Amino acid sequence: MQVGLIGLGKMGLNLGKNLMDHKHQVVAYDLNPQAVDEMKANGAEGTTKIKELVQSLDKPRVLWIMVPHPVVDSVISEITPYLEKGDIVIEAGNSHYKESIRRYNQLKEIGVSFMDAGTSGGMEGARNGANYMIGGDPEAWEVVEPIFHDTAVKNGYIYGGKPGSGHFLKMVHNGIEYGMMAAIGEGFEVLEKSEFDYDYEHVARVWNNGSVIRSWLMELTENAFAKDAKLDEIKGIMHSSGEAKWTLETALDLETATPVIAMSLLMRYRSLDTDTFNGKVVAALRNEFGGHAVEKK
Amino acid sequence: MQVGLIGLGKMGLNLGKNLMDHKHQVVAYDLNPQAVDEMKANGAEGTTKIKELVQSLDKPRVLWIMVPHPVVDSVISEITPYLEKGDIVIEAGNSHYKESIRRYNQLKEIGVSFMDAGTSGGMEGARNGANYMIGGDPEAWEVVEPIFHDTAVKNGYIYGGKPGSGHFLKMVHNGIEYGMMAAIGEGFEVLEKSEFDYDYEHVARVWNNGSVIRSWLMELTENAFAKDAKLDEIKGIMHSSGEAKWTLETALDLETATPVIAMSLLMRYRSLDTDTFNGKVVAALRNEFGGHAVEKK
Amino acid sequence: MQVGLIGLGKMGLNLGKNLMDHKHQVVAYDLNPQAVDEMKANGAEGTTKIKELVQSLDKPRVLWIMVPHPVVDSVISEITPYLEKGDIVIEAGNSHYKESIRRYNQLKEIGVSFMDAGTSGGMEGARNGANYMIGGDPEAWEVVEPIFHDTAVKNGYIYGGKPGSGHFLKMVHNGIEYGMMAAIGEGFEVLEKSEFDYDYEHVARVWNNGSVIRSWLMELTENAFAKDAKLDEIKGIMHSSGEAKWTLETALDLETATPVIAMSLLMRYRSLDTDTFNGKVVAALRNEFGGHAVEKK
Amino acid sequence: MQVGLIGLGKMGLNLGKNLMDHKHQVVAYDLNPQAVDEMKANGAEGTTKIKELVQSLDKPRVLWIMVPHPVVDSVISEITPYLEKGDIVIEAGNSHYKESIRRYNQLKEIGVSFMDAGTSGGMEGARNGANYMIGGDPEAWEVVEPIFHDTAVKNGYIYGGKPGSGHFLKMVHNGIEYGMMAAIGEGFEVLEKSEFDYDYEHVARVWNNGSVIRSWLMELTENAFAKDAKLDEIKGIMHSSGEAKWTLETALDLETATPVIAMSLLMRYRSLDTDTFNGKVVAALRNEFGGHAVEKK
């Protein structure tokens, strides 16, 4: 199948090669001529002019957008004038599902089918077998399924149904990920504060062989301890990139109790501060009613 | 009523004076002769010999133990040889209710009635009107109720029933206290991180006049901000003295979901650390699967 | 001061009377002629035509909107054509602070000053002394402070500063309220599941006299138990009206850890369901790996 | 190596066969003669008399206790009279690590080495490759390592060090398991309450292929949905068997914040009730201050 690939960052380049491995024809676009050249060297056609990209594709067109999510709307604006009824636009970044529903409705007005595809598995996955969760019109899905099938790992893609359902699944996936990571982190902290002296790399390896909690995250835990046995070199500052926050916000909108996901996120925020105003208020109150000493700065 | 008062620390001294204000006869004991002298100067009898104290009391004796909870068992051991059937021993410190049940059963074997009394209200309360939650035998309660009635603030005491019920109530009281304090602390932290610039003392005062959250804790919050407008001088380290931990442990034994009390306690523990092993594990995992940068020490 | 009062529901009627008690001149508007008549009978002027209301006021006008928050925007639309530069519009309902900031900016374009006033204390407060948290322009605040001063309980109002700061304070107030209520609820549940048999009305009364957790909410707890000693007649379904959700959403936006407020809200949602899909998944998993029996429907 | 195997329940029988697969000599004991016969039929020696078992073993003896944890102490009492200095006792059930430390000290007094072995992987693991976490004296470990090595799955055992360290690791493993399961359950509940209509078996399969959250628990989730697509037939009642409670209690003793493990446990308790007293108190309070309707039974 011919695919117009917009965005040749690390993910896009790997996906392009993956598509070509499976005999799909890639027409690639990026502002950066070197990235375009790299795709060309691998057998793709390519251009640094987005108008040219869209116009060069066979109709109905299949366009795959793989750009950072803050840029998605501007990319859609740029291609919209050249799109025609029947074209299909896949957006495979980390967008909020409500944004995807909005974009779906926006493109539907001109007869273009928008598909939201949550992508997991990182660069390695993009290159050799990704994980996809896709939403959009069933008619469009029928057209594009082969490219997802071919570039996914075995059993690694799902058509979730209505527009937004793909990015929704990806969002919840990340919410679960936060909870699992927090559970692992808490467990190792209990080990660390205990009276025992464990070899954490060994613990993670054993927990990953035959135990109930064996998982890819536990594999990664083993890798991390292999590099730095007590994690002495790093700080416990846990940044976050938004999808667990979306999951919790969605849970609130759905009046759903997700305490574990909530706490995993809130503890990430807590880790950003070395001291808290909250704690100061409580310490001051203990001093007020009980005369308990506060610690001065 | 004649009361043998064991322990003339700040709480004991104030309680002794409170008892005498209400025409009760106090026979006071402490190892410290100065404390005994202070009570004598206020009209009590007194001694630094515990045997003398017990033997000098009219039978059946009423003994009120007001000592730090780690010392309670040794005090009971010391007085036990001189106690007789029908005597009543009140223990008014911060003991675990299961300890109180054990002590009740221990003294019951020699016909002595043990009463557990949780005491709230601090030194000021002990002096002018305390808050009591009392458990023990109903027959003993009938005997000693007047001294609780007279030294409590109006409507400020309850006989909770079975042995242990007094300290159990006090324990749960403190669990609620932790949750309330955490709620207040979290609220002010949201204010502090917001785009607005509030006068917190003023906020606390207004929240304490006519609003749903008016409370003694909010009064204390106002006082704390009056002394240090942004709490710049103190650290947000929140120590804890055990009763919320007992509340949570008891909730676990009762298979009762107490998430707010649990989190208020866990966040106190969290505040004791400036960095966490938990956070290191999560940060390392993010780095492993997503290439997210970790912050090096 | 002359005040144009829009909305004569229970809150508006009580506020109108409160204003007149303090010699302010009320010109009242409501679609409902009976409500207008009631205000007139109390000494106000009144009309059922909003245009008439606005046009009859002395300039610069002071308008006080006291309507349910879904109606606020339509009321503002209706009055906008008749407003003039220098007029002041107070909105005293339960609006989201971001809505208030938007409305402030909208009215600023025509030179009208918008003030957001969070109101606490219920109908009784509106009548005899309310609790206010107000945001908006300082010049406008100087003009309207007297009507807040006069209708508030003593020490019961605060000018929080920038537009939105009033409704923000009210929002956080409610977040704290959720946490406090949850702490109280959890404490009583521990009592209820314990081996002891307490008189909860008595417990609440004692906790409200001399203890650290004395508060208006504890007073209300006593009242509730006075009516139904074990709350046998009601279900533990905890609805919510949005402000704690806003508090948590705001905390997430500010990357602030508010676990107690979060859990108090999530447990309200949990109470809406008698069974959960979450629980089914966990029960099924226990069955899968451990052969633990599931409970069939 | 010769092993005296005490307890031929499902785990013990499978372990016995596993040992014999690896050319170890098993002398089996159980009160149930049929179980003993089954082991004999597989090539073991066996007896229903525990004294006979102990006395028949070569010295220094290696005894492996595989009985339900409430019976462990009585088994140890029964064998103690026949044990001699240098013997090694392995306890491979789900005991609390503090019990294991106590048992270690108890047997140390007679010169017997006690080893605590947490076992994971279920019956299938016991038969074909288990997962072990072992604590105890290093000298004893050197003796018995071969039987753990041979009966474990590859990379599936760890000697954790000091007495108690094995059961401690197993306890924390289960704490992590609770958190992971809760995260998965919450995620699926968000899906279930959403506007989308997913095939959960398919979702779990895709999440288990190439995604960050791939794990054995996700495999089991797929299996569970394969049997009952929406889990319509079961109730969401989540029982628990104690080890996450121990993990949380231990975390409290260590003053360690484990909010995710805490919440995963508390939500299990919450699931045991269809209504809560907590909820009634909060609902009653909302009614008291806001006139919000309560739901009557």
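The chains carry the letters A, B, C and D, assigned in the order they are written, with residues numbered from 1 in each.
Everything below uses one rule, namely that contacts are C-beta pairs under 8 Å (C-beta built on N, C-alpha and C of every residue); 3 or more make two chains touch, one makes a residue touch a chain.
As the structure is a computational prediction, the values presented were derived from the model and not from experiment.
Student: Averaging each chain's C-alpha atoms to get its centre, pick out the one most distant from subunit D.
Tutor: Between subunit D and the rest, the longest centre separation is with C.
Student: For copies subunit A and subunit D, work out whether under half or over half of the interface numbers are shared, and give different or same accordingly.
Tutor: same
Student: For subunit A and subunit D, let me know how many angstrom lie between their CA-based centres, rounded off.
Tutor: 34
Student: Measuring from the mean C-alpha position of subunit A to the mean C-alpha position of subunit B, what distance in angstrom results?
Tutor: 49
Student: Need the CA-centroid distance for the pair subunit B / subunit D, whole Å please.
Tutor: Once rounded, the distance between the two centres reads 38 Å.
Student: Which positions in subunit B touch two or more other chains at once?
Tutor: Expected reply: 182, 184, 186, 189, 193, 212, 216-217, 255-259, 263, 266-267, 270, 276, 278, 289.
Student: In the complex of these two chains, what residues of subunit D are touching subunit B?
Tutor: 212, 245, 248-249, 252, 255-259, 262-263, 265-267, 269-270, 272, 276, 278, 289
Student: Which residues, counting only subunit D, touch subunit A once they are in their complex?
Tutor: So the residues of subunit D in touch with subunit A come to 120-121, 125, 129-133, 135, 152-158, 160-162, 164-165, 168-169, 172-180, 182-184, 186-187, 189-191, 193-199, 202-203, 205-218, 247, 250-251, 254-261, 263-264, 266-267.
Student: Which residues of subunit C touch subunit D once you look at their complex with the stated criterion?
Tutor: Subunit C residues touching subunit D: 122, 181-182, 184-186, 188-189, 192-193, 216-217, 220-221, 223-224, 228, 231-239, 241, 259, 263, 267-268, 270-271, 274-292, 294-297.
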